[in-house]
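Down below are the structures I want you to see.
Two complexes come next, and they have one chain in common, chain A, joined by chain B in the first and chain C in the second.
Moving on, here comes the complex of A and B:
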């Protein structure tokens, strides 16, 4: 079975951080890049992000598929934003420097290009960090980390169960799908959309029935082992924090603090040289 | 206690199903590069069978895992919209409960009206509003995206969700099917 979440085991300072630290840093970092449109901060973050990426010994080649996918998504989103609202930048920044005339009475402005630059920087500052998290955190440590940062353990356990059963369900789906195809169920482009959806449900019905049985079995097994009896539980994959864990969390918190401070002190999320 | 453990397992396995359907089962649509999301039929099924908490968390966990596995970071506004759909549908579970056995005419209509409203809330209000607040994207773009996604999700939920619920209810013992002699 293909390694789904693409965990790559290497020896590096990033791998040594605990899962909980990486999750906290990921959240702080992505909130920082989500909140601010201050270009002075956004321009630094991609460099930091790619620097950390180099530190993790994960090669670009390892993640080229995911990276390519994301870049296509980024370009498409930019094109859509531009087509739907070519003067969005003027609205946001409140100034207008016309460069060229476009279709209708729309104009191309420096502000619009500036807004797109900010969008691209936002992607570039968060993509490497997400990839880094996905590639350097073991899925089973991920569930333990959720509990560590305050998510109730019942919910963390549900996430752990989901990660555990994804490969099983994938395999069951493939088996059922092959069996139904042998009986002549067609899901390709050759038949109409409605037929394809109906074909999908001939696979989903046995899959759901199987899953309902599985829910029964697993929950019985968990009850027999006393799941949910105590207020807390321990995790096999949990590790104690080290100095580097604390330092990285402080650094990311500082980054988020900077983003919030920049927004609050100027009273706006946006920044442009013309403001 | 029994119910709580079962709910947790249902959330876990439901999220795994949502993930597999959303990530690996691509049904080609007439529009190039657009595939149909059948996972909302599965989510609707679980929300109807297990209630609002399960619906909300399956949408949240399943959708977040899909976003993670693509590597583009979590697009929070849409993840929350998925959770909102599961939650709203689960809230009205009493109207079309499949667990009593029997999922016929009036329950099918009530289920589909509810899922229509739940999808409209999720993709017509929650997703675009959060896109504007969080990502400062242009309003007309996000509303159009939301409506397109919402419309296709309504169709797939109507077909797949209904078929799944009918099949599941048929396999359940009917309420009042036993009489004391």
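Moving on, here comes the complex of A and C:
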């Protein structure tokens, strides 16, 4: 079983950045790559992203599952776009260079391929950064970061708590599921979806009942130790900003600035050699 | 200082008050034990002191309750939490942080304590509770004892003068429980804090000296005195709490108990020569109990190995079971004991098919179990989880018990017949048309047993059947299981409870670090110091009493005690 946050502890400059920096950089970086279709910018970002990935000492093998998952998603996304609007590129770029005849009166154009290239670049520039964030940020530091960028601490802490209890709940789910299977509840693919959904309810009901009990106990435990007493709280895992934190944020902000400038100065988000 | 004066409390959701006419003063620096059966009001009393009542659980009170001269009803829970620290019964819930360090820091974080004081204080307190080397570990990586030390540290960091322990021994194995009591005692001596412990495992708490015991029954205080005085009375037994075994043995032997005998601990127990002779005479009247000899194995385990495979690249695989060999005999009642993580639960999961073994064989009546699925194994082996709420998924009792049979595709007529039979056996027949939610914890436990019983397995495995139960409920559940066993059911009990193993198991299997290190009668195991220390068990106090009275055959003494209890007392 995998956790959403698969923090991998290694010694690297990326790990040394504070969680808040990484969160801010992630947001700036993703906005930049989402905002523009300027291929001249997009072609650089994947190289930077994979460069940072190498710098973090996280191995591709460590994130193979997540990487595979997102790559499959990328391919699917491209196929769907192509099937449903094979001439989207022509609409966007305003020119048409036909390469081949497709079904019906649809044609394959250079513009369409160019558009897909841009889509792929966007994925490749953001996937490594997201994985990097997930693998190099300690969950509780993440909560502290959320609080630092202005999210109320009760909400930030809820995130940390969810992460704290996910492994417990997974274990509980597993135990309950096995015990119910022993009583003949069929969970395998042999039975219809409806039956499987019904079966899932026999696991979820005890799981929910137990979780409700636990929530009450946890909230009592938290109150008894003063949670919610003050408007602010400090975080054990919070760390002070260093020069590198500031530089990283300035760099990512610059990237976003560049993307915005490219869009505004040309009056369009798109760029192609034929424009 | 804590002072209850003519204090009565009623929860809003209840008709009757849970606490009645409480008059109680606890001086600073005292160490007080509150005992009583489930539902006697001891948890409510604790919640009144730490402020969860009235802040989380609402209700009406009469009379007054002051902490350091201030009415708690007029204080906020936060203000009170600076004076009173609480270690909750459920260690997993108490552990809020993602790591040990964060959990220790939690109260200070909420007090907006900044760097570097925060880190410094965490280091300090980690030293006090001896968890320094695990600061960055997650709760899932800790043992029960370590979690308890973290809970304690997280509370102590606030410099409270009053520390409350709500059933600190629940879910701890005997040796860990013993160490927890030692730690509490050490902190009491070092800090001079007021300590209040609520617990029903009396003998285990008395491992270290307490100043006072408050015995509660039905919301009232029925005794408030020193352990020595209280143990000389019949009040504890009458309230449905288990006395220390050596006290019970002295009573069986007809020794007149007096407070001057320093009854609170075996180490201080002062018996006259006459008393000792009484005990020896009682022992000499023993008869051979003649345990049933069983020769027909129902389950044979051979060279079984099992490893938890880690899915994370940085964690290591963990071999949880190593070369297990065991014969479970038809019709026997067997206990499986050992520390948390020793492999007890894993063993039963492998038997039931919840996990697949790496190597070795599992034979049920000669048939290889490996070929059977979870579901098919369940026709022969029933598994009952610790908390009935983990198993119950239907609203009505009848449907819950019928679930397994219906899933098997049996005709409704046959289902009804078998369910009714199981309900009758479990004493649930009068409730057959009730919703499960209307039942007590013990009754729910019976529902889960009935739902397995209805499937007519040959073997039943129960995980901690009596955890968190007071003596009365414990006896209820265990006598019921014994009656099932007498009808021919083979019963396997996974437990931490030394009493259970002594009183009910014909044989006990001891797990330690994934291996079976002993398989013998409980009386033999609990008088073997080597096994006791390797498996973190606890020597029975009967052993010590036997030594004290000059009885060399401690094992025989323990056997005689159990035999006597079964024959004359249990049914009396």
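Convention: the second predicted complex is superposed on the first by the 271 of 275 C-alpha atoms of A that agree within 3 Å, B and C clash if a C-alpha of one lies under 4 Å from a C-alpha of the other, contacts with A are read in each partner's own complex, and residues count from 1 in each chain.
Just so it is clear, a contact is a pair of C-beta atoms (placed from the backbone, for glycine too) under 8 Å apart; a residue touches a chain by one contact, two chains touch by 3 or more.
Predicted, not measured: the structure shown is a model, and the values here were computed from it.
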item: Touched partner set for A:140, first chain B, second chain C, both or neither; value: second
item: Touched partner set for A:178, first chain B, second chain C, both or neither; value: second
item: First (chain B), second (chain C), both or neither touched by A:186; value: second
item: Which superposed partner A:201 touches (first chain B, second chain C, both, neither); value: both
item: Contacts of A:234 with chain B and chain C, given as first, second, both or neither; value: second
item: Partner chain in contact with A:37 - chain B first, chain C second, else both or neither; value: first
item: Partner chain in contact with A:151 - chain B first, chain C second, else both or neither; value: neither
item: Chain B versus chain C as contact partner of A:160, first or second or both or neither; value: both
item: Partner chain(s) touched by A:211 [first = chain B, second = chain C, both, neither]; value: first
item: Chain B/chain C common contact set on chain A; value: 6, 160-161, 163-164, 168, 201, 205, 209, 214, 218-219, 222-223, 227-228
item: Contacting residues of chain B [partner chain A, same complex]; value: 1-2, 4-6, 8-17, 19-21, 24-25, 27-30, 36, 38, 41-42, 45, 57, 61-62, 65, 68-74, 76, 134-141, 144-145, 155-156, 159-160, 163-164, 167-168, 171
item: Residues on chain A engaged by chain B in the complex (per definition of touch); value: 4-6, 30, 34, 37, 63, 66-67, 69-70, 73-74, 80-81, 83-85, 88, 92, 123, 126-127, 129-131, 134, 154-155, 157-166, 168-170, 173, 187-189, 193-194, 196-198, 200-201, 204-205, 207-209, 211-212, 214-216, 218-219, 222-223, 227-228, 269-270
item: Of chain A, residues touching chain C in the complex; value: 1-2, 6, 8-9, 61-62, 138-140, 160-161, 163-164, 167-168, 172, 175-176, 178-186, 201-203, 205-206, 209-210, 213-214, 217-230, 232-238, 240
item: Residues of chain C defined as touching chain A within the complex; value: 50-52, 55-56, 77-78, 81-82, 85-86, 88, 90, 92-94, 96-99, 101-102, 105-115, 118-119, 122, 138-140, 154-155, 158, 311-314, 349, 352-354, 374-375, 377-378, 382-383, 385, 387, 389-394, 403-404, 406-408, 451-452, 455
